[in-house]
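In order of appearance the chains are A, B, C and D, and numbering begins at 1 in each one.
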C-alpha cells in the first residue's frame, strides 16, 4: 500500500494550498467532483485559479464562497438552468470578491492543457480567429495566421471516476471531455471514486486506466461524490437539484443559505447524501461492456 | 448494412491507389496489418508514401517489393533482428528503386499526425533540438527555440484490431502507439480485424471505439492478418518468422524468393496461414477485462 | 404562444430540423437543437450523425430525456465516447457539416455574444461564455442559431464577438481572418427566419412565421433589417415533424 | 566472452542496473536494458517504474520472454496502456529519470548515430533510424547507452547526430540548443564504463571491466580517450545481480 488512500479532508488539506491552480469538472457535465469542491469551501481555501471547460454550477459555488481569484474556462454557469448567479455577482459587482476571467472556448482550454502536457509554451489552432476572446485573454495571441494558445498547467487536477485502486489507477467511462489532458498537464492528480477496488480490477484493463499512477498522489473513496452531476452506471443527473440551486443562488443571501445547508453545515459527504433522495437517482439497470481478452500466452 | 465489409483485395483496390500516403503499423510492434501490406504488394501498388513510427519488417517488405517512393518514419527495420535489408538496398543502392526518407523520432511522427488531425500546419516540440534529423527532413524546422513538426496527413490509415462491427466501429487493446492520431489524421481508415462482431459488442463499450465511423470506409474480416506481429488475446509474436525473414532478405535474390513464397504465390490470407504453424502461436489462456457498467436508468 | 395547431417552439424545431441534410455530421447542442436533430432523423435525414462536444457521436437521439449532453442516456448506444479534442479535431478538419449555437445576442452580421454585456473589464452582465460556441462558429461548415426575437437580442452590432459570424460584414471578412468554416446560414427566431447572402454579409428576413408580420419583425429587431423582396411565410411544421417533436417532448 | 564466473553481457546488465535509482521512472528499451530493469527491481530499486514508448507503464518486468516491448506478456499486468504521445508527454515534462538508448555509433561527446553512415543523401550504410532514441536523448533527465566496444563504434565524431549527447562538447551546448534534459551519464561497453564530467563534455574511462586493461580500451576506441586518474576496476556482478539476470535469461 502506497498510503495514497485518504479522506477528502486530508487530500484537500495536503495537496490544495491557497493560491493553487485547480482543474475540475474536466468531463464537462458528468463526473464533476462536487464533494471535493465543497471540501475546498469548508476548508476556506482562497485565491484559487479554477481551470475547466464548463463547470455546471461547481465553479459558481466556489466563486460565491470566495475561494477564487481567477477562472480559466470556456463556460461558467448552470447547464440546464442558464446563468451562474455567483459568477455574475463576482464579475459585475465584485461580490464576494472580484475575479479575473481568462476566457476560453472548449477547444482552446483543451489545447492549453495539451500544451502543458507536452511541455511547450503554446499550441497553434484556427479556433478563436475573429473572436474577441483574443482581446480579453492575455494567454492567447495571434501569429502567422494562427492563434497560439498558451499552456495552462494546473497544480492539481481533481477527477471523479467510477472506480480506482489504492495506487490511484482510475477507470472512468462515458465521455471524457478534457480529463486526460488535464491529468497529464497537472502536477498532482487527486482521484475521487465511487468504488475503491482491488488492483486486479483496474489492471485487468490497463487501456481504461486514465493516468500514470505516478501523477496520482491521493485516492478518496467518496461514493456519490459527483452529485448532482451524473455518473454512468451509478447515478442519474439530479436536474431538480440544479434548478433549486439556480433559484436559491439568485441573491447573495439565498446563496449564503444554500451554502450553509449544503456545504458548511455538512461535515462530510455521507451526511450530505442523507439529505438527498439518493435512491431515486441511482441507476438500477446494469449494461456491462463486452470484455476484452488481455490473454498473453 | 453500410456495405463497408469487403475483402482485402477489394479494400486495397478501392481505397489505396498508386501514389497514396499510407499509415500502417501504428501500434508499433503489435497489430501490424501485414495482410493488407501483402495485398498492396500483390496488386503491384507503386509510389506509396509510408507513414509510421517503427514498422517491424512490413515497411522493409513493401520497399523491397518496389511499392514505395518515400518513407516518413522513426525507424525502419526488424525489431528483434536489427537492420532492414531491403531498406538498406533501396537507400544505399537504389534497389529496386531509390526512395526518399523523411526521418522522424517516435514523438515527432506522432506530433506530425496530431497536427494533421487538428488541421494545423505544424506543432511545436522540444524533441529533435540538437539532432541532425532536422537537417534531413524538410518538414521539420526551427523557430523561436522550438522544433516545428509539419503536419503529415495520410490518405489512408490501415489499422488491424481485435474486433470491429460492419460499420467500422473498432475495438483494439494493448498499447496503441500512434493509432488514434493516425486514424484521425487520415482521410480514410481501413479496418482489418480478427473478429467481425455484432454492433451490440462494439456499442457496449463506446470508450473503446477507436475512430468515428465516418472515417472508416472499409472493414475487412481477416483473422491472423497481423501475423507475424502479436495480437493481444489472439496471437503471440512469431519471433522465428521475423528471424527467417531477416536471414532470407539479406540478398535481393533471397528476398525475391521470400516474396514469392509468402506473398506473390499466396492468393489470400487463408492460404498464407496454412503455411504457418498458427496453433503454436495462438493464445489459449483468456484474461478478460472487468466490465464497465454503462447503465443509464 | 401558439396558433393553436403547434407551439412557437415546435415551429422553430421543425424549421431548424430542415437545415440538417441527410448524411450530415451535426454538432448538436441541447434544448431545441437536440429536438431538431431528433426530428431530422425521424423525417428526411435518417443518416445524420450527431456529435457532442462532451465527447460523443450518435446516429440517433438518446432514448430518454436529457438535461445535458453528458447525461447517461446519451452515452448508451453512442458510436464513440472519446475526448473533446477528438471531436474538435473532426470539426477542425471540416468534417462537421452543420452546427447549432445558442446565443444571448446576435447582430446584423451574424456575430454572437455570449460573454459580456458592456465593458468586459466591468461588465453590466457577465454571460456564461463561449463553451463550444466559438469553435462551432469558426470551424463548422455552416451554422445556425436560434433565439427569442427581441430588440435587445437582435442588435445592430454586438459589443463583444464571442462566436464570429461575418464580422464587420465586409466581403471576405472571414477569409481575411483565416477562418476556414463557412459561417452562419440562418438565424431562427420566434418570429422569422433570417438568412445571409451567398458568401456572407448582412442578415435579411427570408420567411416570417405564420401569424406574424414583417412590421412586427422590424419592430423587434435592433437594426433597420432588410427584407427579402420575395419574403414568404415560413412553412409550418408538417404532420411528420410535429409527431416527431411531440414524441420527444411528451 | 566470459571470465568463467559471468558473461560479458551479465556484467553489462549488472552495471546498467546500478544506474537505476529506487523510485526512478525508467524509459526501458529491449534486450540488455530490459534485463537491467529486471535486475534493479529485484535488488536495489524495487519501486522503479518502467515506461515503454509503445505506450505502457509497468512496475515489474514482464513474466515471460519478450521479443519486443509490444509483446502480449508486457501488456499483462501493465499499470497503463496508452498512446505513445502520452508516454512522451511525461518525458517532455521531465518525469523520466533515466533512459536507455541503443546505438550503432557513439562519439567522444556522447552523440549517437543510428541513422546514416556516410552522406545521408547517398549513405554507405542506412541504419534503422531514431525510433525513440532522439526523444530520450533530448527529453529524459539522464541517459545511458550500451555498446560493443569497437573502434568503428566509438568514434571521434559521429557523422550524423541522431540522438544528441553534448554536441561539440563545448560548455553549455545542450542548453544553448534549448534542450531541457540532462544528457548522457554513461557509455557502458563490453570493455569499460565511460562517464562524463559534471555538466557534460567529453567522455572518460571511469572503470575498466575485470579481465581488461586501459590499453585495450585505448586500442579499441576511435579517439585518444581520456582516462580517469582514479580509474578502477568495474565492480563485478554481485550474487544477487547474477541470480536476478539469470532468472530472466534461463
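Here is the rule we use: contacts are C-beta pairs under 8 Å (C-beta built on N, C-alpha and C of every residue); 3 or more make two chains touch, one makes a residue touch a chain.
Since this is a predicted model, take the numbers as computed values, not measurements.
The fewest steps needed to get from chain C to chain D, moving only between touching chains, is 2. Centroid analysis (C-alpha atoms only) places C farthest from chain D. Note: centroid distance chain A to chain B, computed from Cα atoms, is 37 Å. Centroid to centroid, with C-alpha atoms defining each point, chain A and chain C lie 28 Å apart. The mean-CA centres of chain B and chain C are about 40 angstrom from one another, to the nearest whole unit.
Residue numbers of chain A whose C-beta contacts span two or more other chains: 111, 118-120, 125-126, 146, 173-174, 176, 180, 207, 232-233, 236, 283, 287, 294-297. Within chain C, the positions touching two or more other chains are listed as 56, 71-72, 75-76, 78, 81-82, 85, 88, 92, 180. Chain contact topology: the protein chains form a pattern that is neither a line, a ring, a star nor a complete graph. Of all possible chain pairings, those that touch are A-B, A-C, A-D, B-C, B-D.
Contacts from chain D toward chain A in the complex involve residues 25, 49, 56-57, 64, 71-73, 75-82, 85-86, 88-90, 92-95, 180. By the touch rule above, chain C contacts chain A in their complex via residues 30, 52-56, 67-72, 75-76, 78, 81-85, 88, 92, 115-116, 120, 123-135, 137-139, 160-164, 167, 173-174, 177-180.
For chain B in complex with chain D, the residues that touch the partner chain are 27-30, 53-54, 56, 73-77, 79-80, 82-84, 87-88, 91-92, 101, 103-108, 110-111, 114, 125-133, 135-136, 145-146, 173-181, 229-230, 232-233, 236-237, 239, 242, 283, 287.
On the chain A side of its complex with chain B, the touching residues are 111, 118-126, 146, 162, 171, 173-174, 176, 201-202, 204-205, 207-208, 232-234, 236, 283-297.
Looking at the complex, you find that chain A touches chain D at residues 117-120, 167, 169, 180, 184, 203, 206-207, 209, 211-214, 294-297.
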